[in-house]
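One structure coming up, written as C-alpha cells, with questions to follow.
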Amino acid sequence: MTTADQKSNILEIIAKAYVNWFNAAKPENKWTLEPAVKYFEEAVKAREMGKPVVWGSFVSQPEIFWAMDMFPLTMENFSFLLALLPGNMGHKYIDIAERHHMADHLCSYNKTMMGLAFSGDIPKPDIIVHPLQPCDSGRITYSNMAEILGVPAFAIDIPLLRTERGYSYVADEFERMVSFLEEHTGRKLTYEKLKEAMEWSNRAYAYYFKADELKKNVPCPLGEAFIPPFYMAGRVECAEYAERLYGIGQAKVEKGEGFLREEKIRLGWFSTGAYFDMGMQPWIRKEFGASIVHTMLGSYPGPIEDISTTRKIFEGLARQLLELPMARETGGLAEGWMEYAIRICREYKLDAVFLTLNMGCKNAWALAKLLKDEIADRVGIPTLILEMDALDSRVVSSESIRSAITNFFNTILA
Amino acid sequence: MTALEELMELSREPYNPLVKDWKEKGGKVIGFVCSYVPEEILHAAGLLPFRITPTGCTTTLEADAYFSRINCTFCRACLQMALEGKFGFLDGLVGINPCDHIRRLWDLWRLKAGLPFMKILSLPHRVHEGAVEWYKGEIQIFKGEVEKAFDTQINEDSLGKSIEIFNTSREWIRKLYDLRTKENPPLSGNEVTRIIVALLHIPREEGNKLLERLLNELENRKGISDYRARLMVAGGACDDPEFIEVIEKAGGLVVTDSLCFGSRYFFERVKTDDDLLRSLSMAYLNRPFCAGMAGGERNRLNFNLEMAQRFSVNGIVFQKIRWCDLWGGEAFYLGEKLKELGIPYLSLEREYWLSGQEQMKTRVQAFLEMIGK
Amino acid sequence: MVTAGVDIGSLTGKALIMKDNEILSWAMIPTGADGALTANKVMELALDKAGLSHHDVDYTVSTGYGRVITTFAQQNFSEISCHAKGAHWFFPDVRTILDMGGQDCKAIRCDETGKVTDFVMNDKCAAGAGRSIEVMADLLQIPLDRVGECSLDIKAAEIPISTVCVVFAKSEALSQLRRGKHKNDILAGVCRALSIRILSLLQRVGIEPQFVISGGIAKNIGIVQRLGEKMGLIPRICIEPQIVGALGAALFAREQIEKG
Amino acid sequence: MITVGIDVGFLTTKAAISEGGKVIAFHEVLTGDSGREASAKAVKAALSSPAMDSKDIAKIVSTGAGKGDIPYDGEQATEMLCDVKGALYYFPLAKTVIDMGAECVRVIRCGPTGRVLDFGLNDKCAAGAGIFLDVIAKALEIDLVDIGTLSLQGKEDIDITATCSVFAESEVVGLIARGKDKASILAGILKSVANRIYTLANRVGIVQDVIFIGGGAKNVGLVKNLKTLFKKELLIPQNPQVIGAIGAALIAQERSQ
C-alpha cells in the first residue's frame, strides 16, 4: 500500500486555489494575485499549447525560457504552496520522499518537491535546469530528481567567489545551457526575443529595487508580503506588479504614512519564515506593533546594465544570479552574508533581527552564532534565533514559535 | 617493526613521529580537508601536504558554539581539534567547497583559529570540459599563491617529479586492493583504512617506501578466512577504522570500498606527458565522482557496481555521517537502483565517533543474516 | 529434538523451549540490572515448566540486546531475523512485521520462507518506542495492558501530544492532567502520536500483507487499531506476541542442528 | 505593603514575599496534581512566618511553566526576567545566569539593571534537563538528591554516548550489567549533562560573574563538572531553586510602584 494511491494533479489544485484566493481577496488587493492566477492557468495548459515545460529552481532566472517560448515551473514554489494550502498537503510528499530513503535531514523544500515528483501527482517536465546553488540539499535533489524521472537536465555550475573570472564562467555556462535547450527542444534563442524579455525583466527588477529602497523610510511604507512574482520575470505581468507596488509605496512615503499605523519596532527577518502559519506576520504586527521591513526572500538585486548583445545579457544574468535571495546569503564565504546582514541592519534602521534556522539549512545553522555576534558587536541590536522548519509544521509547531517570539519581545525588547 | 606495524602506529594520531621529524628539520606542513585539493602542488613547493582527519576526537564541546547539532560531526570534530590547538603544527590550511559543511569549516577555522597560510580553491560541481578548464585555472592561481607565500618556484620539472611520486603511491595502493580480490585477503578493511590514513599524514616518499615493503610482507602473510561475508563500504568520507571494525567484528569482512578515503582517492593516475596543470585538473575531476558532482548518479552507481563485482562482494554497506545532505540525497537514488538490481544493501547513518554501537552491531548482524551468511 | 530460544530485551527477558515443531513452554521476567542473570533465571523458569533440565536441551540460540551475554547459548541471532522467523511460524504468509521493543522499533520485510529481505530501525532517539507507553501507563496509573482500550474510549476529545521526546511527552501529559483532562483522552493522543511515527517507519520498508505485529505493543489495541485504520488492512497478532523473538531463536536453533 | 512572587514549576512550586525591596520569606511545595492548589499552599505557608496579612499584598507576579494557572488575579513575568532579577538581588555583579530546572535549561545574559540581553533555552530534548537525572536515579534505584554526592566517589571515567535520555537509561542498565559501579556511571551522566549546558552557554556567551540557580545548582557533582568546563567560578545562592520566585516578588514590587 502507498499513500500515492489517490492520484491528484497538483497543478490544477493550485490553479484552483489561486482563483479562490483571488475571489476572496479585497478589491484593492486583487491585483496582487492576478499574475499568479494567470501563470497557473497557463501552467495547466502549457503542454496542450505545445510549450516544453522546464523545471527550475527559485534561485534562478526564467527570462531565457520565456524568450524560447518554454514554460518554466519553479519547484520550490510548489513546496511553499503545498505547505500553506489547508490540510498540510506538503506532509504527504515529505513522507513519500523519506519513505524512499531520502535522508530526513534534507531541506523540506527539497523533500516536498522530490516526493511530489516521485508521486507522479505533477506531470513530468521535458527538461530540468538548475543552478548549483544555494546549498547541497538543492544541488543533489534536482540532480537526483532528473535521474529518477529520466529527464534531461542541465546544471549551471556556480563558482565559490564573486570574481570577474567567475562571472564569465557562469556566462559560459549560460551559453552551454542555451545550446543544450536548443538541442533538446529544437527551438532557437534569438537576440530579439531575449532582449524583449530582458526589458520587461529589467523593468521589474528596477522598480522592485526602488520599492525595496522605500522600506528604509521610517515608518516603513510597505508590508513584507508584497513581492513581485519573479518566476514571471521577463513578462509584462511581473513588471507591472513591481511598478504598481512602487507607486503605492511612493505615495505612502510622500504622505509620511507607514504600512503600520504605529511602528514601534523595525524587524529584519533573515532566512526563511514559517510558511505553514500565514497568520504569523500579521500577528507580530498586531501584537507587538513591529513592522517587518526586510525579509531575505523579499529583497532582490537590481536590473542588468547592458543588454546590447546576447553575451552581455549572459554576463549580466551571471552577476544577478549570484546575488539572488538566499544565494546572496548562503553562497561564497561567511563574510558575504555577514557584511550583507550588517548593511541591511544599518540601512533599514533595524531594532532587532529574526534569524530563522530552517531544519534543513546547514549554512544558516553553521553561521548563526557568527552572524548574531557580528550584529550585536557592530550594530548593537539583538537577534532572535528561531529553530524551526519553514514548511513542516510537525517539526516545531507555530504555537511554540509564537511563544519564543513572545518571550523575545517580553524580555530582550522589553 | 614490520611496515604494517609501522603504518598502524603512524595512523594513531595526526601529529605522528614523521611529521614531528619534518617540523624539526624546519619543514612546513599544509593541511587540507578534502581529496579534491591537488596535493602535488604543495609537494612540488617542498611542503608537506597533510590530509586532515580528526582522529581521536571524542567531543565537539567548543566547536558546537559555532557549528550546530545539525552540522556534520566530521567537520565539527576538525574544528574542535583546531580550537584545542591540536593542529598547531600546521603552517597553513587549504580550503575547498565540495560541500556546505567543509566550506563552513573553512570559514570557522579561518575566523576562529586562523593559520598563516590560508587559501581556498573553487571546485566545480559538474564535470565537463569547461569545468576542467576552470579548475585548471584555480590550480594555476593556487600555484601562484603557494609560490608567493613560500617564495619558491614550481616548474614543469619539479611538478612532474611530484606527480610521479603520487602516481607511484596510487599504483601501490591499487596493487594492495588487488590482493583483496583474493578469497582470503591478507588485510582486513580496518587495516586498509589505517594504512590510508597513515599515508595521508606522512611525507609521501616515506609512504611509498612503506607501501613497497608492505606489499612484499603481504606475499607471505596468511589470508583471512574466518569471515561470514565479503562486504563493500560505500558513501561519504570515512576515515574511521573503528567503524569498519564494528562491521568486521560482526563477521562482515570489508574487501573494498568506493570512498574518498579509499579507492576513489587512489584510482586516477595523473598524466605527465601533457600540460601538467590541465592533467591535474583532469585527473582530479574525472575520479569516480563524489556526491557533490551534479549529474554524477550513474557514474557513482557504475563505479559501485564495478567494484562490487571485481571484489566479488555479497553486499554493500552504504554509510554516511548524519546531516550530510549530498550523500543523504544520493541514498535516495542509490537505494532505489541497488534494490532494482537485487544487490543486498544496508544503509547506516553514523556520527564521527561511534555512538549507539549496540544498534549498529544489531543492524550489521541482521544484514549478514539477511543475505544468508 | 529439544531446542531453546532466549530473548533478552531492554525491558523483559523471555525463554522458550521447543520439541521438534511444538512449543513446550515459555517464560518471561523483567530484565534486571544484570542481563546475564536474567537470562539464566528465565531459562530455568521455562525449563521447570517443561519439566526439563539444561542437559535435555540440544541447542540454544540467544537474541535481543543481551544476546552476547547469554553465556549458555551456542549461537546468537539478531532480534530482527528472529522476529521474522517467529512471526512466520505463526503466519506462514507474513510479509511485513512490526516489532516494538522498549527502546527501538523495527519494521521488517520477509519472504515466503520467513527470511528477512529488508528492515529499518529507529535510532538516536527513542521517540516512538514502546517505552513511552510504559511511562504513560505509569504516570496515569493505568495497567499497561489496559492502555489500549482506554485510548479508544475517548471521553471529551483526543488531546494532541506535541513533543516527540518520551520524557517530555510524560510531563506534557502531566500538565494536561493538571488542567483536569481525562486520562483516556491523553492516552488517545499518545497512541495516535506513536502510531504515526510507527507508520512512517513501516512505510520505509513498504507494507505488504500479511502484516504482523509482534512484541509487547501487539497487546495494545489502541495502537493496533489505529495502525490498521491508517494502512487500510487488519494487522495480524500472534497469540503470545512477546515470545515471537524467543520462538524465532528456538527455530534457528533447530535449523542449526539440522545443518549439523 | 508586601508583594508576592510565585514560580509554578514542573516538580515544585515556590512562593516568595518581598517588602521594601527586601525578601522577607519564601516557601517551596510539591506541585502535585494542581498548580493552583500548590501555589495557594506555598503562598499561605510563606505568609505564615513571619506572620503577615494577605490584605497587605499589593501585587502578585507569577512565573514558571504554570504561571497562567494561579488562584489569584496577578500579573505574569517571563522566567528569564525573574531569574535575572532574583540573581541580581544576591549577586549585583551577575552577568550570566544559568537556571537548570526540571524541564528546561536557561542561559541568560543580563545587564546591571536586570535587563535581559540574550538567552538560550534547551527545552526540546530531555537529555540535559533536570528531569533526565530523575530518570537515571530511578534506573540506578537511588535517591535523586544523592546523585551529586555519590557521583564524586566515581573511580573510573565513563563516557555516556547516548544522545537520548531513554537510550541513556538503557545504556546505564547495560553498564551496571557489565559491573560498573553506580558512582562512576553517575559521574559519566553528570559529565554529559554538564557538557550540554556548557555548549548552550557557549552559544549565548559566558561573561563573569556566572550565577547558577535552579534545582540543578544543588547537585554538587554537576557543579563540579561545570566549574571544570567553564574554568570560572560559579556563584550559587543559598536556596538556588527559589530565585525565580524571589525575582517575581521583586518585579511585583517594581510594578506596584
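Each chain gets a letter, A, B, C and D, in the order it is written, and its residues are counted from 1.
The rule is short, and it goes like this: a residue touches a chain if its C-beta (ideal position, glycine included) is under 8 Å from a C-beta of that chain, and two chains touch if they have at least 3 such contacts.
Here the structure is a predicted model, which is why all the values come from computation and not from measurement.
Participant: Centre-to-centre on C-alpha atoms, which chain is most distant from chain C?
Facilitator: A
Participant: Between chain B and chain D, what distance separates the C-alpha centroids? Give it in angstrom.
Facilitator: 46
Participant: Would you kindly tell me how far, in whole Å, the mean C-alpha position of chain D lies from that of chain A?
Facilitator: 43
Participant: So, what's the distance in Å between the C-alpha centres of chain C and chain B?
Facilitator: For chain B versus chain C, the centre distance works out to 41 Å.
Participant: In chain D, which residues are in touch with two or more of the other chains?
Facilitator: Residues 124, 163, 167, 174, 203 of chain D each touch two or more of the other chains.
Participant: Residues of chain C touching 2+ other chains?
Facilitator: Where chain C meets two or more other chains at a single residue, that happens at 65, 124.
Participant: Show the residues in chain B shared as contacts by 2 or more other chains, in ascending order.
Facilitator: 65, 322, 349, 356, 358
Participant: Looking at which chains touch, is this a line, ring, star, complete or other?
Facilitator: Graph shape here is complete: every pair of chains touches.
Participant: State the interface residues of chain B toward chain C in the complex, per the touch definition above.
Facilitator: Counting only chain B, the residues touching chain C are 322, 349, 356, 358-359, 362-363, 365-366, 369-370, 372.
Participant: Enumerate the contact residues on chain D facing chain A in the complex.
Facilitator: Residues 78, 80-81, 115-119, 124, 203, 205 of chain D touch chain A in their complex.
Participant: Flag every residue of chain C that touches chain A in the complex, lowest number first.
Facilitator: Of all residues in chain C, those touching chain A are 162, 200, 203-204, 206-207, 231-233.
Participant: Contact residues on chain C for chain D in the complex?
Facilitator: Touching chain D: residues 10, 31, 33-36, 65-66, 69, 102-103, 124-127, 129, 131, 163, 165-168, 171, 174-175, 177-179 of chain C.
Participant: State the interface residues of chain D toward chain C in the complex, per the touch definition above.
Facilitator: Its residues touching chain C are 10, 31, 33-35, 65-66, 69, 102-103, 124-126, 129, 131-132, 135, 163-167, 170, 173-174, 176-177.
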